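What follows is a single structure, and I will ask about it in a moment.
Should a chain be cited, it is by its letter among A, B, C, D and E, assigned in written order, with residues numbered from 1 in that chain.
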Amino acid sequence: MSIWEYANPKRFIAVSDRVVPWLSWLAAVLLVVGLGWGFFFVPRAENFEYSVKIIYVHVPSAMMAINIWVMMLVASLVWLIRRHHVSALAARAAAGVGLVMTVMALFTGAVWGQPMWGTWWAWDPRLTSFLILFLFYLGYLALWAAVEDPDAAADLTSVLCLVGSVFAVLSRYAVNFWNQGLHQGATLSLDAEENIADVYWFPLLVCLAGFVVLFLALVFVRTTTEIRLRRVAALQRREAMA
Amino acid sequence: MTLSVTDLSCARGGMPVLEGVSFTLEPGRVLVLRGPNGIGKTTLLRTIAGLQPALSGEITGAEDRVAYGAHADGLKAALTVWENLAFWAGIYGTPLERIKPALFAFDLYPLQYRQAQALSAGQKRRLSLARLLLTGRPVWLLDEPTVSMDAASVGLFAEAVKAQCADGGSALIATHIDLGLETDTLDLTPYKATPVWEFADRAEEEEFFA
Amino acid sequence: MIALLRRDLMLAVRAGGGFGLGLAFFLIVVVLVPFGVGPETELLRRIAPGILWVAALLSALLTLDRIFALDWEDGSLALLATSPLPMEGVALVKAAAHWLTTGLPLTLAGPVLGVLLSLDPAVVPVLLASLAIGTPALSVIGAFGAAVTVGLRRGGLLLSLLVLPLYVPTLIFGAEAVRLSAEGQGAGTALLLLGGVTLGTCALLPFAAAAVLRINLRSSA
Amino acid sequence: MIALLRRDLMLAVRAGGGFGLGLAFFLIVVVLVPFGVGPETELLRRIAPGILWVAALLSALLTLDRIFALDWEDGSLALLATSPLPMEGVALVKAAAHWLTTGLPLTLAGPVLGVLLSLDPAVVPVLLASLAIGTPALSVIGAFGAAVTVGLRRGGLLLSLLVLPLYVPTLIFGAEAVRLSAEGQGAGTALLLLGGVTLGTCALLPFAAAAVLRINLRSSA
Amino acid sequence: MTLSVTDLSCARGGMPVLEGVSFTLEPGRVLVLRGPNGIGKTTLLRTIAGLQPALSGEITGAEDRVAYGAHADGLKAALTVWENLAFWAGIYGTPLERIKPALFAFDLYPLQYRQAQALSAGQKRRLSLARLLLTGRPVWLLDEPTVSMDAASVGLFAEAVKAQCADGGSALIATHIDLGLETDTLDLTPYKATPVWEFADRAEEEEFFA
C-alpha cells in the first residue's frame, strides 16, 4: 500500500493517535538528555564564555525554522498536485511550529548576541535573512487566517509558499551582497577540521534530534486538530444546509 | 451547436448544492432556470460559465461560446455608458459600429455620455445587458437579468433575447419573474444536493471534509 | 489586451487614481523623513538613496490594491475571466498599467526629490537607472500579491504584509547600486543583478498571478 | 455607541484586519529601512527615532481607509445615518476603534522594534510616552480624512495625501521628544505640546468628520 | 401620526429630478411608488429618509420615525446572520429577544449562524429586510425590497408589511413588481421635473448653475 493511503484523514488520525505518545516521550527524553548534558556536563570553554550553552537551544531551533519551511514547501506541492487535504493542513500545522522556532532562534540569538557581540541585534546576513524568513512565516499564516473558503485558502497559501521560497533564496543572496557579517559560519559542515570540539558537538546532536522528534509530534497533533476543525466546520455546514 | 449539460453536480463554498442536473439548449431556444432562493441557480450558471469547476458530470458546447451576465453589473463608474460598451467591444474584438445598435436596443442612446455612476439602478442594469450584444457570443447565461428594471425595459430585454434566438443564438436565464417570452423552463428544486458526496472520486477523503 | 490597457490608463487618469497620487505620496514620504530624523544635511545625504528607494517602494505598494480589487468588486473581473483574454494576459496588462501609472512617474521624479535629501548630483544617473530597472519588478510582484488578496475585502494591509518581503531583493540591489556609486564604487553588478530580478519576475509571476486569480474567482461569491 | 464599537472591534478581529496587520506593516517598514540605508549601527541609531515615528505614522495611515469605506460600500453607513446615533458619535467611536486596533498595538511594539534599529535603551520610556500620547491624534485626524474621501472608490491614496500634512505637527513633536532625550536633553515640552495637539484634535475633529460624512452621504448614489 | 409630503421637489447629482410631489401616508396604509427607471423613486425615498435635502416643499412626520431600506443591503459579510441583526438591534436599542421572531418572519432561522457572505442573493435581501423589524420605526421606506427574491419570500415580505400596518405602522415602497398586497399607488411619472429651477428660492443664482 502506498503512503498516499495515509492521506485519508481517518487513517491519518488513527496513525497519529498511535505514534504521538511515543514521539512525545522520545522527544522529552532526548531534550532532557541533550540540554542537561549541554548545560551541566560540558566543560567551560576558554574562547566562549558561559553563554555558549545557548547554542543548544539556538542552533536546533534555527535549523528547524529553516527546514520546516522546506517541509511546508513539499506539503504544498503535494496538495497542489495530488489534492490531498491532509497535506495542506499539515503544511499549515507545520507553519505554526516553524514560526515559534523562528522566534526562539531570534530570541536566543539576541540574548546570545548581547554577551558575544555586545548588541542584541546586528544586521548580519544570517540574522537578516532569518528575519525575512520570519516575515514569510507571518505572511503565510496571515493568509491562511484571512481566507474564508478552506480549499481556496489551501491553494493560495500553497502558491504563496512556492513563490515565497524562491524569493527567500533570492533574498539570502541579496543580503549577502548587501553586508558581510560577524555571525558564525556553518559549524556543522561535514569536513571535520572546522567543526567545533566534540564535547560541544555530541550534546548538540542530541538536542537536534530532540527538536526534530518534538517537531514531528507537534505536527501530528496540530494536523489532526486542523483535520478535526475542518470536519466540524463541514458538519456544521451540513446542519445549515439540511 | 447545442449547449448540453449531463448529470452535472456543483458545489458552492465547499458544499454540494446541485446534483444530477441534465439539460440541453438548442440554438434558437431560451431556457429559464427557476427555483427558490439559494437552490443554486447562480452556482449552476457560474459553473457553466467556467468560473468554477464542476464536481462531476460534463458540459459540452460552452467553451468560448457563452457570454455571462452576473448579479453584479460589472460597470466602470468613472466611464461613460459609451466607453463602458466600447471597452467590452474591444475585449471581444467587436467593431465599434455595433455599439450604437446596442445602445438603441436598450434605450440608452440618450444616456450614452452619462457616467455609469450617474445611472439609476435600472439604467445600470440595462447597460450591463447591452454589453451582451457586443460579445458576439451565441449562448447567453444570465443571472436575474431584469432585476430592478421597469416593465418597458423588461420588454426591451425580451426583444433582445428574441433577436438573439432569431439568428441562431440561445439563452439560459435564471429569474423569478415572467419575461413574457415563450420559453422552456427548468425547475432546479428536484436537483437539490443531499449533502453527501457519493459522486466525489476518492469518496471518503472528500466526503470527510464536506 | 490593448483595450484593457487603454481602459486601465483611462480609469487611472479619470478616477483621480494613478499618476498624481502615487507621485504625491512619494513626495510626502520623502518630505516627512527629514521632519523625523532632523535636518542635518550630511546625515540626510547618507541616508538619501535608501530613503528614496524605500519611499518609492511604499508608494508603489499603496497603489497595488487598485490593480485588481476595483474590477473584482464591480464584477468585471469575473466577466473578463469568461472573455477571450487569457488570465495571464490580464495579469500582465494590469501590471504594465500599474507600472505606467506609478513606476514610470516615480522614476522620473526620483532625481528631483533627491535634491530635497541633498543627494549628490553625481549619482543621479545611477538613481534613474536603478529605478527604471527596478520598478517594473515592483509592479509585477505587486500584481501577484494583489491577485492573492483580491478576494478579501480591504485586503490592502495583508497585501503589503505579503508583498514587502518579496520586495527585499529588489530594494537591496536598487538601493545598493545607488549607495555604492555614492561611495564612488562601481554600481554595475548591482544593476545587473537588479535587472536579473526584474526579468525573472516579469517572466514567471504573471502565471502565478493568473493561477491565483482563477482560484479566487472559483470560490468567490 | 457600544454596539457600534463592539461590532467594529469584532470585524477588525474577524475580518483578519485590525491588530496583526497594522503591526506587521510597522515591523516591515522598520526592517526595510536598513536594507535601504545600509547596516551601519551608529547611523541607524541616529535615525532610529525618526524612522520609528514615520513608520508608526505610515502604518496608522494604511489602516485608515477601513474606518468608513467598508460601511460606505455595503451601504450600512447610510443606514447608520438614518439611525438614532448622532453622526458625531459614529465618527468618534470609529476613531476610537481604529486607535484600539492600531495605535495601541503600535505603541506597545515600538520599543521592541527599537532594538532592530539599535535605539539606545535609555530613551525607550520617552518613546513609549510619545507614542501613547501621539497615536490617538493620528486616529482622529485619520478618521476625518477617511470621512472626506469616503465617497471615492479606493480613495485610499488621496486619503494619505490629505492626511499626511495634517500629521506633520504630531510627527515633529513626537519624534523631537525622542530625539531630544536621545541627545540627553529633556523631552518634557515636546511631550506637552504633543499632548496639546492630541487633546485639541480629539475635541474638535469628530464634529468636522460628522459634517463631512453628511455631505458625502447627501450626494452619494 | 401620518407622514405627509407637500409639493416636494428633489434633485439628484445636481439635476432636479422630481417636482411638486405631494401625498400623505396614514398609519396602517401602504403606498407603492411606481414609475419607469430613472424617474426618481430612489431620490424621493432618500430625501424623505433625510439623506439628502429637498430643493423645496416640506416633509412632516418623518423625523426619527422612518426606517430606510436601500438598494444596497448594508450587511457585514464577515458577521453571521444573527450578529448582523444583533448589531442593528443594539443601534436602535431593541431588546435582543426580538431577533428570533425577525429571523422566523423571513425564514432565516436555519441560516442564523451562516456568515452573510455565504448567503445567496435572495437570502441576503431577506436578511436586510429582517433588519427593519428591529428598528421599531413606524414608517418603512423601502427601495425595491423584493429584488431577486422568489415568490415564497415575497409572500413573507407581504406578511411582514401587513403585520407592520396591523399595529399602526405604514410603508412607502418603490417597486416594479406586484407585491400581492392591496395598497394605494403613486405613479411618479407626472412629477418628472422640467430641468429649470423656477421653484428654487434663490431662483437666479441656482438656475445659473443648473
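The definition used in the following text is that a residue touches a chain if its C-beta (ideal position, glycine included) is under 8 Å from a C-beta of that chain, and two chains touch if they have at least 3 such contacts.
All of these numbers come straight from a predicted model, not from anything done at the bench.
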| Remotest chain, chain C as reference, centres from CA atoms | E
| task | State the pair of chains with the top count of C-beta pairs in contact. | result | C-D
| note | chain B to chain C, mean C-alpha position gap in Å, rounds to 37
| task | With chain centres taken as the means of their Cα atoms, state the distance from chain A to chain E in Å. | result | 56
| query | Roughly how many whole angstrom separate the Cα centroids of chain C and chain E? | reply | 44
| note | By the touch definition above, chain E meets two or more other chains at residues 13, 71, 77, 117-118
| Tell me, which residues of chain C touch at least two other chains? | 15, 152-153, 158, 161, 164-165, 168, 172, 218-219
| message | Using the touch definition from the top, which residues of chain A touch two or more other chains? | response | 132, 135, 138-139, 142, 146, 149, 151, 178
| request: Could you pull out which chain E residues touch chain B in their complex? | output: 13, 35-38, 42, 71, 118-123, 126, 144, 147-153, 176-177
| Inside the complex, what are the residues of chain E that reach chain D? | 13, 49-53, 64, 66-68, 70-79, 83, 86-93, 131, 135
| request: Enumerate the contact residues on chain C facing chain D in the complex. | output: 15-17, 21-22, 24-25, 28-29, 32-33, 35-38, 43, 46-47, 49-51, 53-54, 57-58, 62-63, 65-66, 69-70, 73, 152-154, 156-158, 160-161, 164-165, 167-168, 171-172, 175, 179
| said: Taking the touch rule as given, give the residues of chain B at its contact with chain A in the complex, in rising order. | reply: 13-15, 195, 204-205, 208-210
| field | Parts of chain A lying in touch with chain C, wherever the complex brings them together | value | 132, 135-136, 138-139, 142-143, 146-147, 149, 151-152, 155-156, 159-160, 162-164, 167, 170-171, 173-175, 177-178
